[in-house]
Amino acid sequence: MLGTGLIKGLAVTAKNLVGSYHDPARYTTVEYPEVKPPLPEAYRNFPFLVSESADDPMGTLRCVACQICEKECPPQCIYIEKSKDKKPDAAGKLQIYPTVFAIDTSVCMSCQICVEVCPFDSIKMDQVYEVATPGRYGDLLLNREQLAKSNAYYHQIRPTEAAEVDGRLAAERKAAEEKAKAAAAAKAALPPKPAAPSPAAKLPDESRRSPQGEGGAAKPPAEGAQP
Amino acid sequence: METVEQLRDRLLARFPGASVTVISNPSPSAQHSLLLDHAHAREIALYLRDEPALKFDQCSNVTGIDWPEKEITETTKVTVPDPAGGPPKVVAQTTKRREPGYLEVVYHLYSLALRQGPIILRLRTGNRADAVAVPSLTPVWRSCEFQEREVFDLFGVTFEGHPDLRRILMWDGFKDHPMRRDYAEPDDYEWEPTPHGDVLAKAKKHYPEKPAAEPAKEAKP
Amino acid sequence: MSAALPLSAASGANALLERLPVVLRDGLLGYLPESLRWIVSGLITIAALLAVFGLLFAYLTLAERKLLGRIQNRPGPNRTGWFGLLQPFADAVKALTKEDIVPREADAVLHYLAPVVLVALSLMGFAVLPFGRLLVPVELDSAVLYFFAAGAATELAVFMAGWASRNKYSLLAAMRALAQLISYELPLLLSFVPVIMLAGTLSTTEIVTAQGGWTLGFLPHWHVLTPWGFAGFVIFMIAALAESNRSPFDLPEAESELIAGHLTEYSGFKYALFFMAEYFGMCALSGMAVTLFLGGWQAPCAFLEFIPSYAWFGAKLLALLFGFIWIRATLPRLRMDQLTRLAWKFLVPLALINLGTAAFWFLTAGWSGPLQLVRWAVAVALVVVPFLLLGRRLTAGVAPRTYRYAT
Amino acid sequence: MSLTPEIGGAHVRAVHDEFHGDLLEVSMGPHHPSTHGVFRMIVTLDGETIVKLKPVFGYLHRNHEKLGENTTYLASMPYTDRLDYLNSMSNNWAYALAVEKLAGLAVPERAEYVRVILAELTRLLNHTCLAGFLMQDCGCSGTPLMYAFREREKILDLFESLSGSRMMCNYQRFGGCRVDPPAEWLAGAQRLVDGYSAFLDEFEALLTGNEILMARTQGVGRLDPALAVSAGVAGPMLRATGVGHDLRKVDGYGVYPRFEFRVPVGAHGDTYDRYMIRILEMRESIRILQQALAGLPGGPVMDPKAKLRGFRPKAGEAYGRIEGPKGEIGFYLISDGGPNPYRYRVRPPSFINLTILEDMCLGHTVADAVIILGSVDIVLGEVDR
């Protein structure tokens, strides 16, 4: 009969009108500035640089200016200049560091590829989303100081992922130390050579790079093992 | 489904004067293709569409490829007799050869009726400058209409017999063909605060004074 | 000017509330010299109407947005003031401060006049609506005729707007508006002819009075509760939806097709005026529907008579307005040819048949006892059978489909 | 006498004459409420009847294919999100599939299941949105659209908690998926899938039997199956014409052959069929999702041999395609052995589906053109690339 479809439709809208007052499955609006919806841990916005300590962020950046992220970045929004000298990192090892590390957030498309390709777990995705600024030119181009955030902050926004990263880094460090020790022991047995310390210093670097060489590829299964 | 070789033989038997070449594809996908000559392309296409055993009724994908002129350097070892009368020397001789460039149009055909495919057809232009015409397959498959326009627009291939060959993605007054490998983007650069060196240099050229200097300072803490 | 009708005994307890607006006006007039009273009295009525319906317009926009929001599972405007109650005023300020853009090619005079004429015409209808037992702004013998004459003229203003804008979309909208006007004026008028037939008058006050009284104290004698009256009411409301350009008949301003139709080239306060006119028109037509079919200011049950009559009128008006909004939130828009087809091939024949039904009802007014049942059965059949037959012809070829699945 | 008279090409005039007056040329778009972005149609009208319609593209053109040729294989993945920005998961899969064909990569079983789950969720999302948009074009004041968006948001929340982003997922990788969905995510997906039928029922109660909607859409924008096949029309639009062609069945890519589902086909090829086919497809998608969630195997989600950095497939070419929600989305890649593809081509379904827009619109009115365009289901990010 003419009109039944219309009446059915009117019934649905009436149901929703009433439902919006008592049914949270229907009324899903979150009134944003007052109420902020919880972010899932995986949420990503713009990258930040992980530093080991909050007190001395520039001195303890994990980044060694390898420029892999700069090359892989799809919109080419990362700009890195390597240092000429080396500085000790958090573990006390001498490393090259970035003198300039800038990310243009007006270009960045939050794709997370820099995070996946980084062999040193030094760049991660931030979760700060209220980033609007009035400045078109200066404010959107973030430099090293603005990008650096501590490992503690990383733990705060992504607890499970950060714990896993820390565990992996610690294991690698331990393995590297043992390797160095073994090498030193082997060298002690052999007649000493003047060039001995340099490969030992390089080793941990290499060993860290190689398991990550396949990059994020090796990472997800490790995460998947948890559930 | 027939292999590409079988199909080529079938086509050559059906169209004696035609030139049908198999272009083999070394990748694991093993999607080989057939290079057709211009004179018979549309007949062959019609045959592929209408022959009951083939029935390639849908042309799924049409695209162009630009193969620019390549300079191929070949090094050959030649034995040169020593003019001084000594023993002949082996000299590495490099010859440079220019392989002419061309534009290629690729058609991916599928048969919805017989659920088979893809058959990949290729058409090549004579060069990249003045002999850029290939026969249009729009009369055979309607789906080529917009896609051939796109190839015309972005690669500069002219399709003979296309009902409405105009630019499609770029505007009518646009001059170049942006998907060609040697396309130089116009220097209508709009300044953005990117820190990249080459872009920054360009930016400085366009915005010589204040705005370009500022971010450079910003980027270097 | 309201005629001082004798109050019925039942509302005697509430005579003061009932009389309050009139008492206030007369009190004010008491301070004036005799020679000025008639004009000031008129001005007070106009001012009161403008104030009441201006506010109603303001809060109707808010209510519509709120209701649409709730129906769509979102809160609606809730930022300005408590529950967004100041939103209409914020909108008004916005509309007033926006730049008024007149296209260079437009006919500037007509472009300016269109919204003014529209608002003026849509306000004229209020003059003859009996808002309460004592509240009739102008007592006219041919009030209904006057009302629809004023209402029909509003479409001309829409056409003016569309024509003056020199915009292709506006022009299409103008043509649509005219076609819609011509199509729906007829069912609108035919739908209430039975009311006039049975009430025997064109005066709105008398039509309301004719619907007074109750059977058993709770069954009101409203026209809508008779078969012909119900059919007339439905036809009237459908035509009223079309006349006030509301969804699903909002073709002149169909935003998904014609951008904003005749409003495309309007901005700022002129745009707000169009909106005001739309809501005034909606209110006026709803008010007329209340008067003609829903018993005007009459209370639905005898024991509810203590509530003042204007409150009943208001409540009925708001219920109809809610219906407008509810329908807008639910239904898709018709196409132009379907719109006119619906008018000419469905509503007009139904309304004509309804005339016969009403005549039958009128002639059988004396039947009683079991004949009363026969009277009802025949009248209902006279309404339902044509509805079903015409409805089937209207929806021929349109049906839900079943689908097969490929292997 | 019916609400939908037979509209053919019979009364369409090619030229104006002294009896009918002039034709009106209207430019619909690029700024028009119902062109779904910056699409433009130059419409020639006889009264309100369309006698000519020429689509104009390119307002959102950013030469996606050139971008793809200038970046590495991996870096193109986030760009595919931005093609059809409603369906980033499907786009990711199509691109990953093409690269896997090119490089001969295997995908672990669990990843295949996860891909099916995400692709079907994407289909739900896209079809729900489309139904909402189409109803908006029909003149519903936003209600179906808001209901559609309410449900879409739930799917987007799932995507966000898995991939980190609601729409720009960038989730698939060559040889698997980026993250393994944890158990609570799967439970959330299960809850959503279980509740989706109820939503569809309500949505259908609101609209499917609606006389106005049926009158507006039935018989409008008829598409002939032979023309549809020839024009490369794919996806629900093709199936609405009665051609039961679904790549999930035909190609059987991924693990689709393991699932039991049906392919609904229409008989009239009109706008109503296109709408209903999508509704029915959603119901089938729910079945696939139930099976995939129930049968999800364990194991890794990434081929351990797959390389993220320094990915250089051997020279060659490959065309990979999947049944995206809008139709066949394909990627044609040519490798010259370098880190960047030599040629990177997207086969955009909504672009090719527009080929027959004029054929469908001729003889109908402006109002019909709007809903015909709506039923084609275009996303300008993909059309203009």
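In this document, chain identifiers A, B, C and D correspond to the written order of the chains, with residue numbering beginning at 1 in each.
Following the convention adopted for this analysis, a residue touches a chain if its C-beta (ideal position, glycine included) is under 8 Å from a C-beta of that chain, and two chains touch if they have at least 3 such contacts.
These numbers come from a predicted model, not from an experiment.
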| item | value |
| --- | --- |
| Middle chain, criterion being Cα centroid separation | D |
| Chain pair with the higher count of C-beta pairs in contact (C-D, B-D) | C-D |
| Chain located farthest away, centre of chain B as origin (C-alpha) | C |
| Gap in Å, rounded to a whole number, between the CA centres of chain B and chain A | 39 |
| Chain centre separation (chain B, chain D; CA means) in Å | 28 |
| Euclidean distance of C-alpha centroids - chain C vs chain D, Å | 43 |
| Gap in Å, rounded to a whole number, between the CA centres of chain C and chain B | 66 |
| Multi-partner residues of chain D (each touching 2 or more other chains) | 143, 147, 150, 206-214, 245 |
| Shared interface positions of chain C, touching two or more other chains | 71-74, 329-331, 394-395 |
| Two or more partner chains touched - positions in chain A | 2-3, 6, 9, 12-13, 16, 26, 28 |
| Parts of chain B lying in touch with chain D, wherever the complex brings them together | 25-29, 31, 57-61, 63, 65, 106, 108, 112, 115, 118, 120, 141-143, 145-147, 154, 167-171, 178-179, 183 |
| Residues of chain D defined as touching chain B within the complex | 57-58, 61, 63, 65-66, 101-104, 227, 229-234, 243, 245, 250, 313-321, 328, 330, 332, 334-335, 342-343, 345, 347, 351-352, 354-356, 384-385 |
| Interfacial residue positions of chain C with respect to chain D in the complex | 68, 71-74, 168-169, 171-172, 247-248, 250-251, 254-259, 328-338, 341-342, 345, 393-401, 403-407 |
| List of chain C residues in touch with chain A within their complex | 67, 70-75, 78, 326-327, 329-331, 387-388, 391-392, 394-395 |
| In the complex with chain C, residue positions of chain A that touch it | 1-3, 6, 9-10, 12-14, 16-17, 19-21, 26-29, 31 |
